[in-house]
Amino acid sequence: MLTQYPPMGWNSWDCYGAAVNEAQVRQNAEYMAEHLKPFGWEYVVVDIQWYQPTASTHEYEPFSDECLDEYGRFVPAENRFPSAAGGAGFGPLADYVHSLGLKFGIHIMRGLPRMAAHRRLPIEGSDYSCAEVANPNSICAWNPDMYGLRQDHPGAKDYYDSIFRLYASWGVDYVKCDDIAREYPHCRREIELISEACRGCGREIVLSLSPGPAPLEQAEHLKKYANLWRITDDFWDEWPLLKAMFERAEKWCIHAGPGHWPDADMLPVGALRQCYDSHPLGKWTNFTQAEQRTMMTLWCMMRAPLMIGGELTKNDDFTLALLTNRDVLAIEKESWCAHPLYTTGEECAWIAPRRDGAGCYVAAFNLSDRARRVQVDEGCLEGISGHATELWTGRSARKGLIARLAPHDAAVWRIDR
Amino acid sequence: MLTQYPPMGWNSWDCYGAAVNEAQVRQNAEYMAEHLKPFGWEYVVVDIQWYQPTASTHEYEPFSDECLDEYGRFVPAENRFPSAAGGAGFGPLADYVHSLGLKFGIHIMRGLPRMAAHRRLPIEGSDYSCAEVANPNSICAWNPDMYGLRQDHPGAKDYYDSIFRLYASWGVDYVKCDDIAREYPHCRREIELISEACRGCGREIVLSLSPGPAPLEQAEHLKKYANLWRITDDFWDEWPLLKAMFERAEKWCIHAGPGHWPDADMLPVGALRQCYDSHPLGKWTNFTQAEQRTMMTLWCMMRAPLMIGGELTKNDDFTLALLTNRDVLAIEKESWCAHPLYTTGEECAWIAPRRDGAGCYVAAFNLSDRARRVQVDEGCLEGISGHATELWTGRSARKGLIARLAPHDAAVWRIDR
Amino acid sequence: MLTQYPPMGWNSWDCYGAAVNEAQVRQNAEYMAEHLKPFGWEYVVVDIQWYQPTASTHEYEPFSDECLDEYGRFVPAENRFPSAAGGAGFGPLADYVHSLGLKFGIHIMRGLPRMAAHRRLPIEGSDYSCAEVANPNSICAWNPDMYGLRQDHPGAKDYYDSIFRLYASWGVDYVKCDDIAREYPHCRREIELISEACRGCGREIVLSLSPGPAPLEQAEHLKKYANLWRITDDFWDEWPLLKAMFERAEKWCIHAGPGHWPDADMLPVGALRQCYDSHPLGKWTNFTQAEQRTMMTLWCMMRAPLMIGGELTKNDDFTLALLTNRDVLAIEKESWCAHPLYTTGEECAWIAPRRDGAGCYVAAFNLSDRARRVQVDEGCLEGISGHATELWTGRSARKGLIARLAPHDAAVWRIDR
Amino acid sequence: MLTQYPPMGWNSWDCYGAAVNEAQVRQNAEYMAEHLKPFGWEYVVVDIQWYQPTASTHEYEPFSDECLDEYGRFVPAENRFPSAAGGAGFGPLADYVHSLGLKFGIHIMRGLPRMAAHRRLPIEGSDYSCAEVANPNSICAWNPDMYGLRQDHPGAKDYYDSIFRLYASWGVDYVKCDDIAREYPHCRREIELISEACRGCGREIVLSLSPGPAPLEQAEHLKKYANLWRITDDFWDEWPLLKAMFERAEKWCIHAGPGHWPDADMLPVGALRQCYDSHPLGKWTNFTQAEQRTMMTLWCMMRAPLMIGGELTKNDDFTLALLTNRDVLAIEKESWCAHPLYTTGEECAWIAPRRDGAGCYVAAFNLSDRARRVQVDEGCLEGISGHATELWTGRSARKGLIARLAPHDAAVWRIDR
């Protein structure tokens, strides 16, 4: 099954914005193969605007000349992805990533390129044209490139089938489709078309939907048609965003399971915003080490996908250690049925049974701005007793589920019956 | 003063949709000059899509080839308006309308043509280009042609100035600007830019804003920046729409005055939908004669602009008489401060003082589906007494303001002190 | 007709709260008869809690012993209204007010006294009891005394009939019914019952509904069933409340007419809050003289009822002059069809035709906190020309409708054709 | 710990409404002791209006004479509860219930009796009176007896303390407090006062809050201050209400745990509405046997409290079997961290790990109106494999989690690793 467990990998957005290039993708893939793969990391994902020759930051450039094939499908900008020359698309890059034992993913936008409609290009394998299928009144609120499709037009399916055929031919393993997950109800049918194109393309491709917040009341639709879907708007290295994730996690946790994982967005750790000479927020994560532990703990307890946002080759020791704590990462694969125990403005605790029946995990979070002694009442274990190990420190908890936590820090115990 | 009184004229939309041509405009202008001008009718207005060579109905065609000049300004499609050949634009047609003693108007859309942005055309008289000024995320909800402008970009003013310079050079007297009147708050600044361009173009041009409903709470902004603004969505020859106008009229009546007139849309009388071989609603107004009297009475009492929607040359005797009742039309110019007296589901009455001090007007409407005796309590006159004449029949009202009204019919009395 | 013009009078609330007594009512009536009656003032109204022996301020005392007759009807507390002794009720006091050539009014609450229900008292002239008719779940949000009635119970009509019979027997001319005007939709039927009881009681009694804001969309229901209804919550001597009245006035002005007048609440002028030894807001109006002119001007232009709130015997020269400016007061009786001309954050202007045809009134208001030159464009007169007199100063306006106005001040011109 | 597991018992409302009497309570207690206690059932709860001598159905009688002690506290109506004579209150009845090895509970309303305020009775052990503490503007929307308390008045705590002292002296084990659980935010502080009075009264008393729906966003407040709280409005024997419970259960399941249990209301099984000679809905549950299985299965999977609503002595074989299926009832005590797997309009499935690590429970529901084959994908077990037993039939599931379910029926499997 695709996404039996939450996917783990790297995505180019947080460090390279709309401007990532082939060399950067390759170096991150190589780092992953060497340092992270043994811990379960495997996806390498190229984010938005790979078809735009002049992209240089996180901004979008309207009315620019994007690279299209003769069927109105985006193809990689060759000045940024040289191996795409000669119509090869992402095939050579995907091959390289595969050669490292990893998987390759790309970002797409709902709809088709505006210029494909204005130029009235044909759709590959279809009797319809892009102009017939494009909906001139359906645009993205934050990106200038696309028209949504006329969802009830038979050519809409043709277009989506045509792009997934192309991606399958390139060897793509993962597609992050954007401008869609929070666009209910009007994009409901478009989600179904994309899902069907993905599942029918002849290659196993993970389908991830963005941006969030996806509406909670569409959980069943999302579970049926996608493997991942974003539960928040873009997540960055700011404490208020991390704190706000607890409320999202509480609402979505019951919807996590094999094949369908609520997505809390990339992990903005390590070297970020590398596409700027200087950026007001700096080129390194603004999260404290405590906050990064809290993030990893929450993501693992809620079984969120783990997609690293930082430039991997610049990882420092802390970051690498954070991403390679086997005991913490194991929560993603060995727990289930997690939920919060209680939440106050100052602290929060979560519990998750272990599927092997050998006990459970309990996490405690200090949401306050001061150091704080946090104790989780063992009554929540409902009689389970055994040895408790705190997984960030490796220490045994002899006196109960008690931790002195720095501001915004977390502890997580494995209880072994 | 421009629009000292509510404008009166003809508009091509109700009979010719997006497809009117020069011959049709000329024949309606000629009819107006001969039959209607003596009663105050004077504007001849060409509605939407005059730049689109293939328009044939009320529908819009996305991604079509509209006619642009080298500065991204629409120009008339020459196959439809032959006199525009050689870059003359609407100049020759405006000249002809003027030669008949009438005034000439056109329809425009907020923003600039999408293709002008994608082609990165320059703006006449500006250092900026259409691509810089267009907002790729601002589109019309119902028409596929335009991008709205970046309201705070200095080039936005340049673009609007450039089009009004062109219209002034053509001799345009009236501009109906669409996709804007109900688009508060985001189009607030765009309204101001258009108004300033209109008033600064060197020619007196009436500015009318569409579509409705404009928001009531923006009344002061509209009064300041426009001469007319629509208070409803498109109005057609259906009784429910006419009945609903009473509520709009009640709310807007206090905002009518010299230079600023709430607009209840065209009068769908006579020959409509002429651009179709056959149309489910037919090619003649579906309003009964009674309903047409009600419409004219309400429009006159609330002092709404009067824009005929029907093909004038096909007027029958009733229609011509309806449009040339001097006593009723006089209400538009001689009354003021009108307001409803009372409204029930079944009937309604309005009152309007006469500005000359010689009495007032009282109108009574049968909103029910049955014939009905309607009597307006003369207590509402607050002591004014005198001779009352019903203006549609010309009869004296000796026994009070009493009328037996057919379903949906109206009576209106002039009280002469 | 009752309330051919908006009523004018005095109400005890602003100066005596819930605690007014007979001596105070008499002294205000005597003052009115001597100083105000020649200018049209005529109603003397005793406000809320006249049945409560221990009332002393504007506060309500829950679970107190109110004075009831054996039928569950409030009667005046004899310690406060000695002439009510022996079951005379307000009869003697009403007689005295009538002897001065004035009219007498009282305040009532929707519903019946809670204790009348708990004591299961009979209803006068009915087979039902107060316990059967009272709705235990319908209470007032701000007063602890009453239960609303079961509107669909036949005894509800009996109870309201019984109290209006009593009031008619006392000689009451005016009833201000509270806890009802803004209580749509659930009190819709109760309004109708009260109105029918009032009109059927055998005496002409003005019916006034409080508190506001009454819902604008119920205007026709209010016009049909009441003579006055409040358009705002309680109005006091604070500029923000006065400034906010302009928006209410704009919405309601079209609903003013013989028999039905939107009510902007009492005029808090002169000596207020006399029931306190000391009060944080003081015992004299906080309105500047300018603000009082603005208030009187707006109330007259919109033809609002005029009910003085201050203790009349303490009027100073300014206050008396304010209340006896014949030219300004004449607007209430001689104008009609008023409406605002324009409104900005800084100024506002209104116009009202004169019913005699001899011209109109124009008022200008400085809503800003600075002195300000205000000029009303004479284009608004639509051609009426003639001599203009400013009515607060008595000066001719030779150069146009121009005034230098102090902060929050007003000017009002009569234009004589 | 109080409510280590969800409470199980019987409540008088569904069968006897406001009119239950001592004999009826005793006979149900005796039945429970004999037939149900071995399966974990233990609470016997007297619902609303035990202080009202004339109650006879589910209706409330306004302005009636309820039984109060001299401190404004309700006491049992002696005509209905003879053992309460002589000021004994519920003491003798509680003693009897305890003698059977069971626990005794009562229903109360937020606030104090209206008559206690109007009579200005003192509060036991306090310097304040009921009149001072009662809020005359806080009433229940559906019951006519009470005033809420002034939450910030020091006497409010005194009153609640005084009633819980009384209940503790009687030997009450369980208090169901009504008119409060859905009354956020205005009853937030009143919940805290009641909780503190309950926990401070010197006896262990379970606190249950009604009616629902309690607001989900107050889950943490409810978990902190109450042992149970209702998540829906009153639940009766109608399929639409049962079907609607699935959505509630989904939202609330993460908040169930030791000491705090979301409450889905009584189980309307067996003999209901016994207080009527005849009732349009009949005197027996309208649920089919299938629906009763679905109800029990859902309540157990979500770990909802189990309170039987039917007259126990009239149980038929099916009902008794339904209530004494040890394997199904075990889910309440042996599972944890349950959540829905998926939900469609036609079917639904839930999963719950077993705390002993030996496997899990999986339930499947047919929400459709037709018989239906339901199969739960074993992928949801994430690798757990073992023997599956369907707990209603006792049959082994050899071919997977498959059931042919009658309309509205359920199956539930225990997976033994």
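Letters A, B, C and D name the chains as they come in the text, with residue numbers starting at 1 for each one.
The working rule: a contact is a pair of C-beta atoms (placed from the backbone, for glycine too) under 8 Å apart; a residue touches a chain by one contact, two chains touch by 3 or more.
Keep in mind the model is a prediction, meaning the values are calculated, not measured.
The chains in contact with chain A and with chain B alike: there are none. Taking A-D and C-D together, the chain pair joined by more C-beta contacts is A-D. In terms of residue-numbered contacts, A-B and C-D present the same interface, as over half of their contact pairs agree; the other options in C-D, B-C or A-D do not. Two copies of one chain, chain B and chain C, form a contact in which over half of the residue numbers belong to both partners. Between chain A and chain C the centroid-to-centroid distance comes to 65 Å (mean Cα coordinates, whole Å).
Centres computed as Cα averages put chain A at a distance of 43 Å from chain D. Between the Cα centres of chain C and chain D there is a gap of 52 Å. Shared interface positions of chain C, defined as residues touching 2 or more other chains, are absent.
Chain-to-chain contact here is organised cyclically: the chains close a single ring, every chain touching exactly two others.
Looking at which chains touch one another, you get A-B, A-D, B-C, C-D. Those residues of chain B that touch chain C in the shared complex are 1, 4, 220, 223, 250, 253-254, 257-259, 336-344, 351-359, 379-380, 382-384, 417. Taken together, the chain D residues at the contact with chain C in this complex read 62-63, 114-115, 117-118, 120, 131, 134, 136-137, 139-142, 144.
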